[in-house]
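What follows is a set of structures for review.
Below, chain A partners chain B and then partners chain C, in two separate complexes.
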Partner chain A sequence: MTDIHLSNTTSIRTQDEAAAAKRARMDLISSVVRYALLFGVGFLMLYPLIWLVGASFKTNSEIFSGAGFLPNSPTVEGYVRGWQTSTPYTFGRFFWNSFLIILPKVIGTAISCTMVAYAFARFDFPFKKILFGSVIAVLLLPNVVTRIPQYILFRDLGWLDSFLPLWVPSALAGDAFFVFMLVQFLRSLPTDMEEAARVDGANSLQTLVFIVVPMLGPALVSVCLFQFMWTMNDFLGPLIYISSVDKYPVSLALKLSIDTTEAFEWNRILAMSVLTITPALVVFFAAQRYFIEGISAGGRKG
Partner chain B sequence: MRSQRLLGYAYLAPYLIGLVIFTAIPFLSSLYLSFTSYDLMSSPQWTGLSNYQRLFTRDRTFEKSLSVTLLYVFSTVPLKLAFALFIAAILNYKLKFINVFRTAFYVPSILGGSIAIAVLWRYLFSTEGLVNMAIATLGFGPVDWFGDPTNALFTITLLRCWQFGSAMVIFLAALQSIDKSLYEAASIDGAGKVTTFIFVTLPLLTPVIFFNLVMQMVQAFQEFNGPYIITQGGPLKSTYLLPLYIYEEAFKKFNMGYASAIAWVLFAIIMVLTLVAFWSSKKWVYYAGDKRS
Partner chain C sequence: MAQVQLKNLEKTYNKTNKVVHGLNLDIHDGEFMVLVGPSGCAKSTTLRMIAGLEEITGGDILIGDQRVNDLSPSKRQIAMVFQNYALYPHMKVRGNLSFGLRIAGRPKAEIAAAVDKVAEILEIEPLLDRLPKQLSGGQAQRVALGRALIKNPGVFLFDEPLSNLDAKLRASMRVRITDLHRQMKAEGSSPTVVYVTHDQTEAMTMGDRICVMQAGRIMQVATPKELYNAPANLFVAGFIGTPEMNLIEGAMEGGEFVMGGQRLALGNELGGRLSGQPDQAVLGIRPQQFSLVSEGPALRAKLVNAEFMGHEVYMHADCEGHRLISVVGAAEFEARAESDVVRLRPDPKTLHIFDKSDGRNVSLLGGSIAA
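Now for the complex of A and B:
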């Protein structure tokens, strides 16, 4: 093939074409290898989840009898009986409790972190550098070191077995990651709109609410989504602070059902596991762009 | 200008209050508590260094727990980061469906520390579970995942490596921001793919590698849900990570003083390693001279 080309064209062009053909071939091989790896890894990663969903519709005797995910004789028995739980409450109650924890926490986080980010990104005040440094310090500070005194504090306040220990620290901008994320985002936004508003006589609160918050939109959505997800998945917080079963969020309820369900009634636990991860998955797929952007923004240097 | 300053503090108020009440005071009180004996019933009794003495001289559980924790962190973090970077590098290419793959790989991270996933892990790695079935088709005998001390810790490492998504997304964003002309230059100089990756890509990625390393390390040292749900710290305390030990001392046995001492040792280790990372970063992290975002 190359010989024919050589006879017809100048050698330079041939070299170019050969190089181009070689590059195209390499690109093709590279693509095939990449796709194969991605499909392989993707399958390995997602199969456990697919299996989980399939297994939740299986009978108990079928769950460990094969690796396939399609049930032979699908049954919703696991869902029906799992939903009843071994407590006087259904899983509906536990989902409601999770909602009661999440909603005030997300609202409190959004408001407080926006205010604080606004202060850091748009105002000058003494010790600003040190205080912003403290945000990073809090971000890196392991919770494990403050958890015991916090527990004692909440006990002294009479807040144990209520949702207050889960709400209040977040409502006081306690999740430094979000403050950091919003400050980074706000710093990258131009200030001319805010200046125009100020010239028109808007005060700083009006500027915040009507100019800055709308511009912060996507970042704020990320904050709310992450807080939703983390709170939904949070286990240690409720484990320490919530002791009455009627206040259990789904994470504790699931742990309770593992402890109280007969050892062989796997499908109930698998069914409830599927239900507890469903809200997070639905929210993620509905708004995945905000998650990816939020995570990427967190990793950028300031 | 004065009103500006006051306003700044007004907006900062929630953070300042939270910082003092929920971070600064608890931080110092836990240091204080670590020198006391405190069971929540009577007031804390100052016992000087005796908690720490007991930890480092007589407490076999602590010795075991500490070594298991270090083993866990030093195996999980590098594995997870290497895997995240590997997948990000594959994804960083003009592929169709790149967003689909990125989403698929991110799903496990979304479910993150969820109890449901820990439950799933118990089923996957049980003796008749999915993993052993898969191994059997490859012709290997069933592995006793939870009965064997080395394997049990490895299941938790695998669980966290499975959640490589957020590290991967950060790597991918960094890879995509690398100036294409650098690759062209390397290619003209005759560098191959691997050489280019090692000498062009990796140095440019060091800031995000550093970021991921510190974040993942701080996180890994605090691993609780995995061992609590999947292995309950066993067998033979082989997955009894320090956060689990602290939890049981503090909230099961109400030895608040002793638990605080363990927490402070854990904190000191994390802090020293973070400082080492920051200090050494001057030698290996490359920040481009120009300010591009």
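Now for the complex of A and C:
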């Protein structure tokens, strides 16, 4: 009896072990397939970017000889000559111009949109609903519609061929999208902390600066990041308002290097393209942490 | 001097929705006043109006002798502790405590000394360099208390400060807050406290006086003892006391209270006094005022359920279709006769008769029961 009992137990255990081993094998296969698929699709999507970086180190003739991204004889000639540009200025000048547009625009956007959003989210004032409705209406309005009136306005102000038309509207909370985004974020924050600050003696501006802005951190990082990338990539704005080459930002300068050469020096263009996207990538990865932190950095739940 | 006076205080939302109906309340200097009532009775709204966080639609608020209707919160000599503490999440405990003083532009040395003093009183010195998210509920509560304390205000406003804590911590914080108040009074600073809660245990144990509110109106303002022993109306009678007071509808016939088939003679004094009172009445008996008897005048009821609480038993019994709750000693319960029917004799000195039409307590003196 005992022997039979034992052998039954043993066989059950063996079956269990076999089932567990099978499950482990299936898990492994499933993981391998999933990761292979993810890696494959990811690589496919990233390939143009990888190719761009690889090709910027190729010679001009090699670029069109194959679709591979590894250069046969890597050279930095594209970077050196691309940096020189075909104008009297180096590419550094164009980066500096971009910087001169982006910096006041991003800072101005952050400050003005925060103040406008704070007012909409926290205060009652006459015509609030109509004004907020108009913000939403502006949000839905295609950019193209306002181009001509804006151009005429800036021409009359004598701002053509300067950076002012590119950043002043944004620094006056002209980007309805950011205002809307911050209003929504503010509405989700509890008002207790602000009330506590008022009881502590802070006025509205102090409450905004010392209490609200730190809580708005993640949303403000997103606003700045979007504004940075959109401005870096903006082509139409500078094209319309800036006519002197010495004021061109990088987006126009890239196009310039295509226009002014008879035979396109693709490796130069690609090299400068790599340099152009680098700041955006660096800023994005640096700020990514704040996206992930998100709203959890906000109020403390009791 | 920081007495608080509410004079015909009113609050209306959207011009039509009136939530506070002409409150009149005098809170004395150094008094611990508790505003208590069920959810939606406008106790928090009233507190927020005192704080200046909510606009006043009508009436006046006086703090000290000054009318503060149009003053900003910071100029009202008040400090407030919020329900969810409202600690600034990006500032360390030290920053939270000192924020008000920094805004006021006080010298750094003075701020540091004040922070250290408050931290010592509340035993939060080890927490000074932590962020609010690194604190437990009880610790955060103490920091919130410290933030109010550091301002050394004339009036402390508490908006359900203990409702997010577990029962044990709540009990210890209750004692800590009242101790602190007593200590400050002994030291001569005499701060006035307005404390909002929906928890009647907190109200009864903490308040010098309690203001019971319902639907934006004051039902009664009295000491805890007076509220318990002499509720002015049905609402207060039902709200104060655990378990709730038994409220039995019936009719007054001469000097007797009639409920279904049973009659309860109220005795010469009470019966005589109430003989001219309305026929339709409500009898109020506290569960603790019953004794189990085997003979003599008593209410006969059918035992439905008994909750054993250790040293006492909550008996649920059916009396003429009314559910009666009574609290009797465990030994007394065990010694009763083995029967479904129990005889409950109320303490004659603690009976209350309420006018059914307006809920008024028409019998604030005890009577005696006769068979």
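Heads up, the rule we're going with is that the second predicted complex is superposed on the first by the 245 of 302 C-alpha atoms of A that agree within 3 Å, B and C clash if a C-alpha of one lies under 4 Å from a C-alpha of the other, contacts with A are read in each partner's own complex, and residues count from 1 in each chain.
Just so it is clear, a contact is a pair of C-beta atoms (placed from the backbone, for glycine too) under 8 Å apart; a residue touches a chain by one contact, two chains touch by 3 or more.
Bear in mind the structure is a predicted one, so any value in this text is a computation, not a measurement.
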* To do: Kindly classify A:Trp51 by the partners it touches after superposition: chain B alone (first), chain C alone (second), both, or neither?
  => first
* Would you sort A:Arg198 into first (chain B), second (chain C), both or neither based on which partner it touches? => second
* For A:Pro190, is the partner it touches chain B (first), chain C (second), both, or none of the two (neither)? -> second
* So, A:Phe99: does it touch chain B (first), chain C (second), both, or neither? -> neither
* Asked: Taking the superposition as given, does A:Phe264 touch the first partner, chain B, the second, chain C, both, or neither?
  -> neither
* Scan A:Gln206 for contacts with chain B and chain C and give back first, second, both or neither. => second
* Between chain B (first) and chain C (second), which, if any, makes contact with A:Ala67: first, second, both or neither? -> first
* Report for A:Leu254: first if it touches chain B alone, second if chain C alone, otherwise both or neither. => first
* Would you tell me the residues on chain A in contact with chain B in one complex that are also in contact with chain C in the other? => 298-301
* Asked: Can you list the residues on chain B that touch chain A in the complex?
  -> 4-5, 7-19, 21-23, 25-27, 29-30, 33, 40, 87, 90-91, 93, 95, 101-108, 110-117, 119-120, 123-124, 126, 128-130, 133-134, 137, 162, 166, 169-170, 172-174, 207-208, 211-212, 214, 218, 221-222, 224-225, 228-229, 242-243, 246-247, 250-251, 256, 259-260, 263-264, 266-267, 270, 274, 287, 293
* Could you please specify the touching residues of chain C with respect to chain A in the complex? => 51-53, 72-74, 78-80, 82-90, 99-100, 103-104, 132-133, 137, 140, 147, 151, 164
* Structure fact -> Per the touch rule, the chain A residues reaching chain B in their complex are 30-31, 34-35, 37-38, 41-42, 45-46, 48-49, 51-52, 55, 63-64, 66-67, 112, 115-116, 118-120, 123-126, 128, 131, 134-135, 138, 140-153, 155, 168-169, 171-174, 179, 188, 204, 208, 229-230, 232-236, 240, 251, 254-255, 258, 266, 269-270, 272-274, 276-277, 280-281, 284-285, 288, 291-292, 295-296, 298-301
* How about chain A: which of its residues touch chain C in the complex? -> 190, 192-193, 195-202, 206, 210-211, 214-215, 217, 297-302
